[in-house]
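Look at the two complexes coming up: chain A is in both, with chain B in one and chain C in the other.
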Partner chain A sequence: MKLLTLNFLTCARKACKPLPTSFPLHPADATLATTETAFSPAFLRNILPRLDWPALKGLCDELGLPGVGDEAPGPEALFEDGELPESDEDIVGEIEAGKRPTKLAHDLHQLLVETVMLEGKLVCASCGHEYAVKEGIANFLLPSHLV
Partner chain B sequence: MLPTPSTSHVSFDNVYEPAEDSYLVLDTLSSASETAFLSQRFPVHAPAPLALEIGTGSGVVLAFISAHARKLFGHTNVITLGTDVNGFACRAARETVQVACKEHKAEAGIFTDVVAGDLASPLRARKVDVLVFNPPYVPTEELPALPDDLVVPGREFERDSYLLSLSYAGGEDGMETTKRLLDSLGDILSERGVAYVLLCARNRPDEVAAGLRDAGWDVEVCGRSGKVGGWEKLVVLRIWRD
Partner chain C sequence: MSRPEDILPPDLYYNEPTSKKYTTNSRIRTIQASMTHRALSLLSLTTPSLVLDIGAGSGLSGQILSSVPTSAGGPHTWIGLDISASMLAVALEREVEGDLLLADAGQGLGFRAGTFDAAISISAVQWLCNAESSEETAPQRLKRFFDSLYVSLKRGGRAVCQFYPRDERQKKMVADAAIRAGFGAGLLEDGAGTKGVKVYLVLTAGETGDITGVVEGMEGVEVDDHRKKRQKGEVASRKDDILRRKARLERKGKVVKATSKYTGRKRKIAF
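What follows is the complex of A and B.
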């Protein structure tokens, strides 16, 4: 499961939903991996304004990943003047002429889209329920007495 | 016609096989009226819309939305996600979507995950911009209880027929699960959110649409197929607020 996905998920229990502590879920015993994915700086530009940045920062800290800054970067931090490098790198999506993605854009792509949690648990800080992640699939099914 | 994603790797012993209803959803989403609606509602520079499919089954619909994002939205800055209560379906759908996105790399949005869960229960409130649901719509005497784990106990044959029943058995009027979803729509959709929900004639789509309008939603029939005695067998409703 991608770290990006975790920015949209919360505890599945009805009683927890309205409580601020039910988001973000906290990773435990996590095994991470990297999956190579096409790089879309245009997508990053559009996803930035809707990310919960403190949740992402907290997630990085808890997973021991090299930190992101305290403040969400603006879209202008993703591009710089210059020609696109002639590499075999997969860049998809629209990109303005004369601009190329910055190192920060590459780093965010790697963090949000390419880093996945293969195994582990996601813990709700409100009720303590642990959602298992197995082979990259998170299980939010609940026994009926917990729904 | 956009190519239909391949599901040749999926075992249909315990995952719903794409059928007329699935194809109607694909045709509806790629129709001129819906691509115009989606492109206008989610323009290229707007914050990336989150598209959620509930009950992915094989993943053919989610793969179609993900791999053909540019055709549907006019751009590829779209994030896609699926849920299913059947663990086999979650794994199968993930592969279906990944394969389709690789094949249409320049046209595809950003597919994230398929998570196991009931309806949109794992999602934060009011984050979903495009919701797609081809529900279990067949009227049945009983509504099967939902699994509480990815591993369902029991012998293989019983387990598989139970898992398949989850994909079609809709309880009273075939509406029990759909009704649960529609009742919580306001907590799932964002302000700019839109839902596409498939119904069959026995679900009484006219009454469902009237109920939604009473609750303050705009509703339009945007897809239909298979006339039976003058009645559409299947319809797709577009539900949104302006």
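What follows is the complex of A and C.
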């Protein structure tokens, strides 16, 4: 499961939904891995305004990953003027001519899309429910009395 | 012909052998691909998007989202959820690019507000019309599903659910549940009146109350809005097209598969 996905998952229990502490879920006993994935700065530009930046920052702290800045960058921080370097020729998604992705774009791609949680659990700070993660798949099935 | 939902609940019906057979059957693959392309065209996505796939199974529908070329506004990133661990295990084996969640759409979705640009569901929603236990009813499950889907889409986001309604009553029950959740809804039928009819529920979150205009503006689309009935359109098989596109992307190294130490290994996810 990509760290990106963790920025959107909340506790699924009905009683937790209205509570602010039902997001984000907190990883525990996490095994992380890296997967090589096509670089799409256009996707990042689309998703960036939707990220919960404090949650992303908190996640990096909890996982012991190099942190992100305090301030959420705007989409314009993902591009700069210049020729597309050879190393970026295989990017996917449409980007503006004469622009190339910045280092921040590469870093965010690595963090959000290429870093995955393989094993462990996701814990709700509100109710304490633990969602198991196995082979990168989180189990969100709830016993019927918790739905 | 009996309907699978009448035989067993989905997590038991889609067991290991059935999930494998489903995914390798070339006729099924062709049909799922063409319906996914149809759903995708109804979403009209113009930029690489985050898409939810409900009842994603082994990833036949999702992988089409991953392979939309740059020139067509892709590729899209998707999160798939499914109630069958065996289907998801096949998806893992196939190394699909989307993230996978084991979840019951009838329990509601655990995503924060405005997560997704769009959502698709291919051949899954009819399963929600069967209560899984004596404690819940089909309308309750449909309500939890559509209410949470509405929230998890960004404003103006679209969802397209292709499903196999048992009859007119069930079709209406599903569409009504979506409308009550706040969606603007339209039903579209390819091959209406034939055995191969395909029903698409086209939804918009918080845009217009009437999506008839959206579906009517599209080529080859028939609108079934209970006010008129017209002749059905044919869905062309796009299989060759997809395969060609996929091969081209792979040649260019554009679809980079996850490199995992599990490559090719048989999967069993024991929760």
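Just so we're on the same page, the second predicted complex is superposed on the first by the 145 of 147 C-alpha atoms of A that agree within 3 Å, B and C clash if a C-alpha of one lies under 4 Å from a C-alpha of the other, contacts with A are read in each partner's own complex, and residues count from 1 in each chain.
The working rule: contacts are C-beta pairs under 8 Å (C-beta built on N, C-alpha and C of every residue); 3 or more make two chains touch, one makes a residue touch a chain.
The structure displayed is predicted, hence computed values, not measured ones.
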item	value
Chain B versus chain C as contact partner of A:Val68, first or second or both or neither	neither
First, second, both or neither for A:Leu108, with chain B first and chain C second	neither
First, second, both or neither for A:Phe23, with chain B first and chain C second	both
Partner chain(s) touched by A:Ser40 [first = chain B, second = chain C, both, neither]	both
First (chain B), second (chain C), both or neither touched by A:Asn139	both
Which of chain B and chain C A:Phe8 touches, first, second, both or neither	both
First (chain B), second (chain C), both or neither touched by A:Leu59	neither
Residues of chain A at both interfaces, chain B in one complex, chain C in the other	1-2, 4-5, 8-10, 12, 23, 38, 40, 42-43, 46-47, 50, 90, 92-94, 113, 132, 134-142, 144, 147
Complex contact set, residues of chain A against chain C	1-2, 4-5, 8-12, 14, 23, 33, 35-38, 40, 42-43, 46-47, 50, 52, 90, 92-94, 113, 116, 132, 134-142, 144, 147
Touching residues (chain side chain B, partner chain A) in the complex	44-48, 50, 75-77, 79, 81, 83, 85, 87, 90-91, 94, 105-106, 108-110, 112-118, 121-125, 127, 145-150
Complex contact set, residues of chain C against chain A	47-50, 70-71, 73-77, 79, 81, 83, 88, 92, 97, 99-104, 107-112, 114-115, 117, 133, 135-136, 144, 154, 252-256, 258-260, 262, 267, 269-271
Residues of chain A touching chain B in the complex	1-2, 4-5, 8-10, 12, 17, 23, 38, 40, 42-43, 45-47, 49-50, 90, 92-94, 113, 132, 134-144, 147
